[in-house]
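Listed after this line are the structures, all set down as structure tokens.
You will see two complexes here that share chain A, one where it goes with chain B and one where it goes with chain C.
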Partner chain A sequence: MSGLLTETFLAALLSGAVVAAVPLILAGLGEQMSERAGVLNIGLEGMILGGAYAGFAAAVGGWGIWGGFAAGILAGMALAMIMVVFCVRLGINQIIVGIAITLGVTGVTALLHNVYFARTYPRLPAPEKWAIPGLSQIPLIGPGLFDHHLMTYAALLAPFVLMWLYKGSFLGLNLSAAGEKPEALDAAGIDVTRTRTTGALFAGAMAGLGGAYLSEIGSGIFVPAMSHGSGFIAIVLAMLARHRPVWVMGGALLFGLCLSAATALQVGGVEIPTDFIQMLPFAMVMAVLIAFGRKARLPAALGTPYRRGQR
Partner chain B sequence: MIFNRSVRPLAGAVLGLALSTGAMAAEVKTIAVLTPEQGTDFGWNQQGIEGAEAAAEATGKEIIVAQGLGYGNVRPTLRELAEDGADLIIAHASGYTTEAIEVAKEMNVHVAVGATSEPPLVGMYELAGEKGSFLAGVLAARMTKTGTIGIVVSSESPNWNAQSAGFAQGVKSVAPETTLRYAIIGPAAYADVAGARRVTESVIASGADVIFGQGNGSSFGMIQAVETLKTPGGDKVWFIDVIGDKSSIDKGHLLSSVLWDMGPVFTQMVKDIEADTFGTASYALNLEDGSQRLLKTDHIPEDVWAELEDVKAKIISGEIEVEMVIEPAATRAMMSETIASAE
Partner chain C sequence: MSEMTEAPRVAAAPRLPGWAKPLAFALLPVLAALLAGALVLWALGSDPLNYYTYVVERGLLRTRGLQASIVHMIPLLILGTALIVSFRAGLWNLGIDGQYILGTLTAGVVAPKLVAVMPVVPALFLAMLAGAAVGALWALPPALLRAKHGINEVISGLMMSFMATSLAAAIIKLWAKDPASLEPQTSTIPVEQRLPLLPGTDINLGIVIALVVTIAAHLAISRTSAGLKLRILGLNPAAATHAGLPAPRMIVLVLCLSGAIGGFAGAVELTGVLGKMQASWNPAYGFAVVPLVFLARMNGWAMIAFVFAFSVLSIGGASAAVRLGVPQSFTMVLVGFLLLFLALAEWIDQTRREQA
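Here is the complex of A and B:
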């Protein structure tokens, strides 16, 4: 094991942890806003997968990496519109619609992949990285933490932007009111449906962006079902972190670090049951978030459709 | 009322016996194959479908392909295929075993599964290329410049375990000083292409310049890592694949592949059903008939290929024995022991 502990190996582990965390951060932050507004988005997994396909297809099709991100956002928002129409506008059960979105997108993207990519399996070149001057030269941790694609840094900054939005803007207050006491928001003259629509669309956009990151930066290729449960992990992170965006990031980074730690243990030949090693990321994140976030609570009107005049 | 109370149990027993023997000595008209992913993965699913199609063509049977079924409950699909007239259903995923056996008994239809044999309805096929993987191990040992070789797998399925163990034995047979790195992406990470890339990048960063990858869809993540990274010393990284031939999409890093040809295996199943011997012996890939073999690419030097041919002949003759290891714990123990001895 000691022979493994080189700077290159540690950099790969840290870098891998960050890259694995970014889709969870983006999707988790989106889910958090949606839940804050009272919309439980179980379709997050499908939106990630839709964003992954759209982002990859756009990037391969000549739009470039950033064009791919834009396509991922659009795909996620288009899928979120289904949530908006059926759940926010028509008041249909959010869990059922969310599951339908995930199942439908899984099938559609597999079909599209089969039609367009399954014979050639196009791959994207390695993503261009931007090393932060000074920080990326820190021994051991610098190359792994501060030499990434620009979107990675944007994802790491996003929680702080949202923290300000929730605490320092009217939109943040409106979103909270839509999830906690929508009738009060309505009485104040703010359109609850529009506020919830904003939250749901933001969740779709962030999940789609996370998916595009997954296919463009994380893997450089699209294969069916490649989201591999990321959406559900992001939902758990958002729920356990409750109202705190930075906690979503912390949980996602902890998850990524545990994944890398599991790889390090295996590569080092540590002979403990693999199931235990692979349970580590999930167990750690849940333990930490439950231990430190148990006083927080979910919005009172989460998952409940709002109709004016109904109690 | 045709039967009185005393006769009814006897009639039921006779009817039950008739039904239970109905599957034996059957004429096979239609073969069905179920796969969890689309048959375009250059791997497990594609080879399974192509093997079933080859068997159908060789024996003159109809074929039904049900692909992309995922890893969830496939009982409804199994029942539907049986109702549609399938006489042999190949449940081509280790996760389908329990459900396939249930439906075999319920619908009185022959099924082929990967884990157990219960004649006359259930036949087991062991699709592991442990001997071909031994050859791949010898090849990797001859091609490595760093002296470190990686094995990356998407699960601890018996097939992958057997091949990982065969590969490790092959490496150690010719270069015992070689360092092996072994990493599992996840419990069932067959489509986790990002996880595959992340894990493979870590293994390459540990110095491995040959990656033996087993993953289905996630194999493409391993290939991405191999194509976009070099070792810490700047060496090119080679990839040895399993099951299928990805030469047509290779960008210069595909060293070889342990190929599986399932056609002969499925053909034998059809013959055995018609001869009332289905499930009495397990079905396996072997070097002798070429159903498992190593892919020859332009990247393999002639002298190394000649050595591989020699080793292959010795395996077939029994001069070299390849230990079959399928249990996860035994595989991990073998890998840990190998890593420890090298360090």
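Here is the complex of A and C:
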């Protein structure tokens, strides 16, 4: 046990927690905006997975890591477009369409993986890190928090940008109105459909980016169904954080720490069956929901399509 | 009076029989999904026509394939019933896969012990009840969260499902492993102590149980007062509360009943087909059944037909995966397409009704 508490070990634990948290932060922030605008995106899991495949395939195909991120964003947005057309425009049940997207993407990415990568299992090289001068020299937290790929820092800053967006911009207010009282937004002369479209597309882009991060930076390979429920966890994070982007990040980091601790303990030689480790994040979500469920709040018009003049 | 004041219909369209429209609205999405699937196959470099004919031949036309398809229907029918029970009440029991897995596990642990000490029929019956009880228990946390705090049962149900797969594997590896086997799995029920086969076939009695459960549930929902209450809850929760129905208690009851049926499905499949539970067993039937239930418009009889068609597709698809190299995950793609086109058809139908 004493070997566990070395500085290198703890730094690796922290660093792993951040890397594990980033996809959840990105997808959770996207979902938060989408939910704010009144679109419950159950397809988030599928968008993460789609982004993971697209990002990985692009990076392997010579587009580089950043090209991969762009591909992930595009894939997520393309899937979100389905959500927009079916749910926002036509008003079809958001849960059904969400399940369809998740199922379809799981199938399609498994098929594509089978065709292109199943024989060779290509692996991306370890990502290029960018140590923040000065800060990365601090013992323990330096290598743990301040020695990451650039995208990691971007993800950690994103909640603050969104905080500003929600508090200080018209778009932020419009988004909330679209989720709480769409008819009021309509009366104010702003297009509800367009506002909701913005929210849904943003969720797709963020989930796709999170997926690309997961495959490119997190693991370096693509495995079918590799998102393993993180989309659903992100939805819960967005639900519990209510309107606060920073809380999404806090929750995601807690999850990341829990995931990272489980892996680290295993590497450190502590005997825990992997199955229990895999259970941990989901058990944690249930525990959090049971403990704080009362406080989870969703916008009033969430999940209901908006039709003009209809009550 | 009202008949006389009604304006006479001008140039009425030729009247179709009552079942024609639902049938068209069920078949068109199926056709569209098969077409979209054909495009995917073509893009992957396979011949779609070749694939589909192979699937039909292997899953339907050969006696062995047909029997396998019918056996495959057993868990799907019972799970579909579990979903219908919850969907009709406006509740989304998407934790069904977890309930199924723990029901399977429970029967896998209990049944070999019971058949050793008592006659087969009561032993298997008890094992099925145990599976159902565990399924209901696993549905309880999402049900309570929904009833007490209004938390969406979709998410919490999925969380419970993810937990169940890992929990089942851990339980088998730590406490319920068959010492005689190298693989992590429960003790095997001897073949002669499983559900008996229907004479002259490879199909076990489970299909009869599944059909009885499906039809009984359908009749209970459409013909009894309890079924009516359930439907009122689904159609208009506010009205249900106004009518004096205890909505929160009903939510818990319905979701647990659905969970019990889900656990029962696993137990029936274990005692009839599997004989043992393997640590890695997670067929994720639930998501495949969701679209079938919608296609059938939550009607038990129609679901039987669609589950049969899907079983043929799965069994034929499994052969095709070996012979034609089209992975089994293609079936999942088809199901995803099906769900989308189904939603679209529903929308078209609704829009037309609004305009009429």
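Keep this in mind: the second predicted complex is superposed on the first by the 277 of 311 C-alpha atoms of A that agree within 3 Å, B and C clash if a C-alpha of one lies under 4 Å from a C-alpha of the other, contacts with A are read in each partner's own complex, and residues count from 1 in each chain.
Methods note: contacts are C-beta pairs under 8 Å (C-beta built on N, C-alpha and C of every residue); 3 or more make two chains touch, one makes a residue touch a chain.
Note that the coordinates shown come from a computational prediction; the quantities given were computed from them, not determined experimentally.
K.L.:
Name the contact category of A:Ile141: first (chain B only), second (chain C only), both, or neither.
P.N.:
A:Ile141: touches no partner chain.
K.L.:
Between chain B (first) and chain C (second), which, if any, makes contact with A:Ala110: first, second, both or neither?
P.N.:
Once the two structures are laid over each other on A, A:Ala110 reaches both partners.
K.L.:
Name the contact category of A:Met163: first (chain B only), second (chain C only), both, or neither.
P.N.:
Touch partners of A:Met163: none, neither chain B nor chain C.
K.L.:
Let me test your reading of the model: by the given contact rule, A:Asp275 touches which partner, first (chain B), second (chain C), both or neither?
P.N.:
Once the two structures are laid over each other on A, A:Asp275 reaches both partners.
K.L.:
Determine, under the contact definition given at the top, whether A:Leu259 touches first (chain B), second (chain C), both, or neither.
P.N.:
A:Leu259: touches chain B, not chain C.
K.L.:
Now for A:Ile190: first (chain B), second (chain C), both, or neither, which partner does it touch?
P.N.:
Neither partner.
K.L.:
Tell me which partner A:Ala154 touches in the superposition: chain B (first), chain C (second), both or neither.
P.N.:
Neither partner.
K.L.:
Contacts for A:Val288 in the overlay, against chain B (first) and chain C (second): which applies, first, second, both or neither?
P.N.:
A:Val288 contacts neither chain B nor chain C.
K.L.:
Does the superposition put A:Pro224 against chain B (first), chain C (second), both, or neither?
P.N.:
Both partners.
K.L.:
For chain A, what residues appear in both contact lists, the one with chain B and the one with chain C?
P.N.:
106, 110, 114, 224, 228, 273, 275, 278
K.L.:
Would you pull the chain B residues touching chain A in the complex into a rising list?
P.N.:
Listed in rising order, the residues of chain B that touch chain A are 37-38, 40-42, 68, 70, 156, 179, 181-184, 186-187, 189, 191-199, 201-206, 217-218, 220-221, 223-224, 227-229, 232, 249, 251, 328-329, 332-333, 335-336, 338-340, 343.
K.L.:
State the interface residues of chain C toward chain A in the complex, per the touch definition above.
P.N.:
Contact set of chain C toward chain A: 40, 44, 92, 94, 141, 145, 148-149, 151-152, 154-156, 158-160, 162-163, 166-167, 169-170, 173-174, 279, 287, 290-291, 294, 327, 329-337, 339-340, 342-344, 346-347.
K.L.:
Taking the touch rule as given, give the residues of chain A at its contact with chain B in the complex, in rising order.
P.N.:
Touching chain B: residues 1-4, 6, 8-9, 11-13, 15-16, 19-20, 23, 106, 110, 113-114, 118-121, 123, 125-126, 214, 218-226, 228, 259-260, 263-264, 266-271, 273-275, 278 of chain A.
K.L.:
Could you please specify the touching residues of chain A with respect to chain C in the complex?
P.N.:
Contact set of chain A toward chain C: 40, 42, 82, 86, 90-93, 95-97, 99-108, 110-111, 114-115, 224, 228-229, 232, 235-236, 239, 273, 275-276, 278-279, 282-283, 285-286, 289-290, 293-294, 296, 298.
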